[in-house]
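Labels run A, B, C, D and E following the written order; every chain starts at residue 1.
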Amino acid sequence: PKAAAGPVAHQTRTITDMMGNTVVVPQEVNRIVVTCCGGATHEVMVMGAADRIVAQPAKCIMPELKVMKPGFSSVTDAGSFDDINVEQIIALHPDVVIASVTSEKGNTKLREAGIPVVTVMTGRGNMSQMRSEFAMMGQLLGSGNQASSLNNYWETKLALVKERIAAIPANEKKRVYYMLGKTTHTNGGSWWGQEYVTAAGGINVAEELGTNRDTSLEQLVKWNPEVIIISSNEGTFIPIADVKNNAQLGSISAVKNNQLYECPIGSFWWDRPSPEAPLGIIWLAKTLYPEKFSDIDLKAETQDFYRTYYGYTLSDAEYEKFLNPQPATK
Amino acid sequence: MISIARISTTLSGVTAAVGQLTSRISAGATGMVFIYSLLPLIFICSLFFGRYEVSPQHVLQILAAPVTDLVPGNLIQIEHTWTAAEENVIYQIRLPRLVAAVLVGAGLSIAGAAYQGLFKNPLVSPDILGVASGAGFGAALAILLSWNMAMIQVSAFCFGILAVTITYLLSRFYRTTPTLILVLSGIIVAAFFTALISLTKYVADPYEKLPAITFWLMGSLASVRYSDLLMVIPFFLIATGILLLIRWRINLLAVGDDEARALGIDTKRMGQVIILCSTLITASAVCIAGIIGWVGLVVPHLGRMLVGPDYTRLLPACLLLGACYMLIIDDLARMLTNAEIPLGILTAIVGAPFFAYLLSRKSVGWI
Amino acid sequence: MISIARISTTLSGVTAAVGQLTSRISAGATGMVFIYSLLPLIFICSLFFGRYEVSPQHVLQILAAPVTDLVPGNLIQIEHTWTAAEENVIYQIRLPRLVAAVLVGAGLSIAGAAYQGLFKNPLVSPDILGVASGAGFGAALAILLSWNMAMIQVSAFCFGILAVTITYLLSRFYRTTPTLILVLSGIIVAAFFTALISLTKYVADPYEKLPAITFWLMGSLASVRYSDLLMVIPFFLIATGILLLIRWRINLLAVGDDEARALGIDTKRMGQVIILCSTLITASAVCIAGIIGWVGLVVPHLGRMLVGPDYTRLLPACLLLGACYMLIIDDLARMLTNAEIPLGILTAIVGAPFFAYLLSRKSVGWI
Amino acid sequence: MILDVNQAGFRYDSVRMIFSGISFSLGEQEVLCILGPNGIGKSTLIRCLANLYPLCAGSIRLHDRDIRSLNYRDVARVIGYVPQAHEITFPFSVREFVLMGRAPHLGLFASPGKEDRTKADEAIGLVGIQKITDKPVNEISGGEYQLAMIARALAQEPEVLLLDEPTSHLDFGNQIRVLEIIDRLARDGLSVIMSSHFPDHAFLTSNNVAIMQHGSFMAYGLAEEVVTETNLKATYGVDVSITYSHDVERHVCVPHRSGQCRCRDPKQPEYSPKMAAMVPAMR
Amino acid sequence: MILDVNQAGFRYDSVRMIFSGISFSLGEQEVLCILGPNGIGKSTLIRCLANLYPLCAGSIRLHDRDIRSLNYRDVARVIGYVPQAHEITFPFSVREFVLMGRAPHLGLFASPGKEDRTKADEAIGLVGIQKITDKPVNEISGGEYQLAMIARALAQEPEVLLLDEPTSHLDFGNQIRVLEIIDRLARDGLSVIMSSHFPDHAFLTSNNVAIMQHGSFMAYGLAEEVVTETNLKATYGVDVSITYSHDVERHVCVPHRSGQCRCRDPKQPEYSPKMAAMVPAMR
């Protein structure tokens, strides 16, 4: 409906976004433009507002998302981050633009055009920030229930994992290397990879890198991790066989003992912050300590989550695909 | 020496040149007339284009409204049939953007032409002394340190100036051919700052800062605001004005340092003035539009083909052609896709083949 | 014409040059001796450094083991006191990496020196014809399309060659000064492919592909494997070998096209050979180590300062100096922090001030 | 005296003095020709006189004011300088090129006006290159370029003209033509200093000749007195004959043929019929 | 005959033929001097002879084989070419520079050996620049550079030497020296073709002279027969006197002084005492 965005004084309310800005938004948010990646769309979906998205960057839509929401394939792309087409966005008459905290240049222009801009962490947040972001999104989209339900889910699941691993003595915790798209690329202590590995009861061998994300082969050999988890959410897809056959890594115990795992990719990477991150944490915990989590059926857990929060019935085949990620094709 | 009348005539560079040129028949006269009519045409046309559809009639009415409002009495009255959104699009989005395109295009072209004369080398572009890399690093650093938008621009501007200052001081160390050594120092400083940009990217948060830095550097006019324009307009006007005023003397520099001095030009001082002006222009351009290449290299050649090498005609021609070129490129950037194609990419993808084509024509002269 | 004995002598370029040089006393002789002893020294030393501590004694034992194992009978026996991890670090990680550094450093320096002669311009570097931008785009595209590591390297290599081919064909369109127009075409093609790289970055997912592309382009030897080396070693050896063989004739090109032809050189053919060899070398270097600047520009100057402009001595000197320079830069990259500093950044941050320093010494000759 | 040079000395670097202790004065209508071997400092001296390089010792006085106290513009109004021909990058037309000579008479922000244009055209007429006024300077011959540079210097309306090897690369006819122009200009009131490699040119135009050798003037004075067989032998190390030629009514300077010049060797074929057949009829 | 040129013609572009219908033969020990106005095509002809540009019409035969059927190397073994001096980028030493002349005698992958070095040193000795063998070529004077280029061409051991304005920019002494070297080389068996702007040089070295005008040879033959007052007037448009000088025992060619040469004007001050005081004692 081409509602004229005239000076009709709707009732408004205020939201505090993830940058701490106070944003005035319409009482009812019906037209949403997303100008960022990093799971913002998933959050909107969880809040049950997926149909209200009128524009989002095409390059940020994960393949599984297109299966779950076929309409996403044809939604307008009005640019992303700082490279947005302001006129296009105005022409869409959005009630709110969900944008990244990182694209201040584009966001400012939108604000000046009189469009409310709500910023999200886009993958930058830690566990607690994620939960407040969910709450904020719930408030914004009028779905407080879903938001608190999701936050509950997070708390329950994280507590469950935490409780089970608490029993493991420090020296028996698995030492994990998070291989991110390149042999020597990983996450130091200040990144989500650290939270991800620790939440699942592992020890991130690269913690000492801090804000750094690159290391050297020799350092890796020196760390001698017991488990290597491989992800391609940055860089290129690395098949397990490549790591296995890489003579350079031959002396690492994870390679010797075949403790190499590809991180699953659901509708979002399970090793990245998004509503479904707890599933990834459970997967990792179960992978590291199978005996402690033998009672948890990850498939059921996943299908349950998708039904509850995305309103989507996940088939067994789809679930299998999650666990055997293939190189993404554009 | 300098008659006030003369200054004021020349200050409005464009008008003056039109007067001078139409009054005498010269090889480039037709070329000039052609160019002069081009800019207003393209500017007006560009106002009609955009993803947000505003009917041509509304565009004209919106543009006319402030003027007719000024007319005392209700002699002329335009009925307000357009929406607030339409008015907003025209005045807040299209107009500042087009003005920025004109400033950046005209400024970079003039700076490029002046540098080509100063360095007696038609392959020189305005970032030869490292201003773009410096400004790029300034912006990258500011983004890394999470400074706000205005600070990013200020930082870009300052580091741009800093880079050129280093280049200039470095070149003072050596006692040989000043222009060659200046270009060399520029290469060194540019490479150094480029490496620093890479370093910034390397330490930048890949989720938050890296895309911001990358896209900032690619250049865009998408989010230019009046406040950005206000910040740089004084620099643009003063620097462009000075270059236009001394434009005939750039001819003399282009012939050779010794000869210019023998003709009474203080080449060192004049070199400093040109470098300062060009640097101010380029730094301003980078800070509102990111790094935009090719304009400063291609447009002067185009100008030379149309009006010849004489800077009296060349600089005004570059000003106009540069503005037109940038308007067209920016129209393309806005219209080609729903999203925005960064300007830096488009100028090179359009500019490089265009330059290759120019070269294939014999008329380039210096080849 | 070409005596087989002569070829085989020259093929082992380094050895031959040592022989020739030590036997005659020349201005550069001491320089050469100095350079020749430098490379093995630095290579051996570099084997001792790394994040994984291996005691010097163990390093020597590990290195000696395969040799002593060959000695028939148990005449010499080294006790295996080292761990498998230590052996793995030395043979699988350090050795291929050092070999890669030697190949890349030597190759880029030789290619740069050859180009400087061909273009009669001491400011030319091996990527002047666009090979680095082309290769960069090839890699970026492959990363965007999620190809695997080997395919990324192949794509980089092919696009590097493609870019130079386009440059060469483009230059054939024009009938003027061949080298100038070749450089110009190179600038155009490089700018075009750089814009394509930006475009790739623009359409790339900012979380997944953008950092990968950015970091790939910054260059690193961190994860070079024997299989990577095997892929490029033939190109390196053949191309470097050919350049070393014709090195005396590059002198003639450096003097001028007409004069070279009057001295019986088929300058066009020879230009093609040099371009082909340099392109193969640079494309190979980019595909195993990313875009590494400055080596090809700085090292030839260093070489010229040490042994003079005669390519008979200059090319072997560049080979050795380039290898040493790269080994040292890579040692720094490994040792400075517990992460890895990308090579492209380090070479520029070290190389640019170094070049500025070189220029301040009068001995550069051509300035 | 327009120009007074007193004990002038110059060095490029700290190693070697190029010249020192050079003194002379240049009067109105005087033409001074500087001779000397390659690399002795003729061009350097001329550049010092043009105020392009500052002297290291001594002084140059222009109309009794030290040249160092004047700025480029003041000097350019009195002294015109024509360097040796060189390549030029941008294709200015000959008219635009000559017009540049008006620079010292224009304000900082001014472009040349109608009057300047007239003066440039006059200068072009004076050297006789009207036919090529609209051609780009990089498409004219070396001789024409040399004349264009002289025209530019004339548009400058100087009192002194400094010419560095004005005849090099010119053909025989153009050489004479340039010398005649210099002669005419001097008659019209200009003073000229030129360098040359041809002692003979000294007889053609100059009143005074200076021979540079070992970093100073070895000889200085009237052409006939300075260009002597002894002086030339000392300067260039070759044997030269200076004789008065009644044909051309002046002294001429001709080098000796080398000891046994083969070309007059009677053993050589003198003029083969085959060759003659190929040659067009002599005019 | 070493070199036979038959109806040679050349054009750079489709617009204008630079020259056409040029025919001549060059015998052993012959020195041919090409005269002609600026821009007439002397350098172009020499480049064609050096096989740098292909002819558009006619043919050049080297030892009775068409030059087009030969590759660069074969030609370079017979013809040595000395272009007009130009700038050089890299500071090769004079010895390295001369050594380059050995290229046509070396295999593709070879560097010069001991024998080549000896030959280069001989060539250096022949032109007399032994003192500067180790200097970089971009730090020697124009005259020395010209000599080094001749030495390089000699190291090539050619049968024919092509020289383009070998005396330009050289001082008077160096001019004579270069001409004497050419003369000596011709006596030792070389054939030489050179271009020049000085008709006088023709009398000094050449047996044959060709005058280029209007795109072909206007005159061709023995120096005394071709370098006539009429021919020079037709070529250069200036009056020249050709007289036999008993002092130097050869014909000399001197330009007429222009109509009223001011320099001998009795009204001029002749030799002021003030000037005399500044001049060092005449040697």
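The working rule: a contact is a pair of C-beta atoms (placed from the backbone, for glycine too) under 8 Å apart; a residue touches a chain by one contact, two chains touch by 3 or more.
Since we're looking at a predicted model, the values are computed, not measured.
**Q** Any chains in contact with both chain B and chain E?
**A** Shared contacts of chain B and chain E: C, D.
**Q** Which pairing of chains accounts for the highest number of C-beta contacts?
**A** Most contacting pair of chains: D-E.
**Q** Among the chains, which one keeps its Cα centre farthest from the Cα centre of chain E?
**A** A
**Q** Can you work out the whole-Å distance between the CA centroids of chain A and chain B?
**A** Here chain A and chain B have centroids separated by 42 Å.
**Q** Express in whole angstrom the distance between the two chain centres, defined as the mean CA positions of chain B and chain D.
**A** The mean C-alpha positions of chain B and chain D differ by 45 Å.
**Q** How big is the gap, in whole Å, between where the Cα atoms of chain D centre and where those of chain E centre?
**A** Centre-to-centre distance between chain D and chain E: 23 Å.
**Q** Quick check on chain A: which residues sit in contact with 2+ other chains?
**A** 38, 80-81, 83, 123, 212-213, 234
**Q** At least two other chains touched by the same residue of chain C: list those residues.
**A** In chain C, 202, 206-207, 211, 215 touch at least two other chains.
**Q** Throw together a list of every chain pair that touches.
**A** A-B, A-C, B-C, B-D, C-E, D-E
**Q** Under the definition above, what is the set of chain C residues touching chain E in their complex?
**A** Residues in contact with chain E: 1-3, 6-7, 10, 20, 27, 117, 120-122, 245-249, 251-252, 254-256, 258-259, 261-266, 304, 308-310, 312, 365-366.
**Q** Which bits of chain C are touching chain A when the two form their complex?
**A** 50-53, 83-85, 87-89, 92-94, 96, 143-149, 152, 202-209, 211-212, 215, 222-223, 225-226, 334, 337-340
**Q** What residues of chain D sit close enough to touch chain E in their complex?
**A** Chain D reaches chain E through residues 23-25, 27, 29, 31, 35-39, 141-143, 165, 168-177, 179-180, 183, 186-187, 197-200, 203-208, 216-223, 225-226, 228, 230-232, 234-238, 240-241, 243, 245, 247-250, 252, 254-258, 261-264, 268-271, 274-276, 278-280, 282-283.
**Q** Where on chain A is chain B touching in the complex?
**A** 4-7, 38, 57, 76-88, 90-91, 93, 100-106, 108-109, 112-114, 122-124, 211-213, 234
**Q** Note which residues of chain D are touching chain B in the complex, please.
**A** For chain D paired with chain B, touching residues are 47, 50-52, 71-77, 79-81, 83, 86, 88-93, 96-97, 100-101, 103-104, 106-112, 134, 136, 138, 152, 156.
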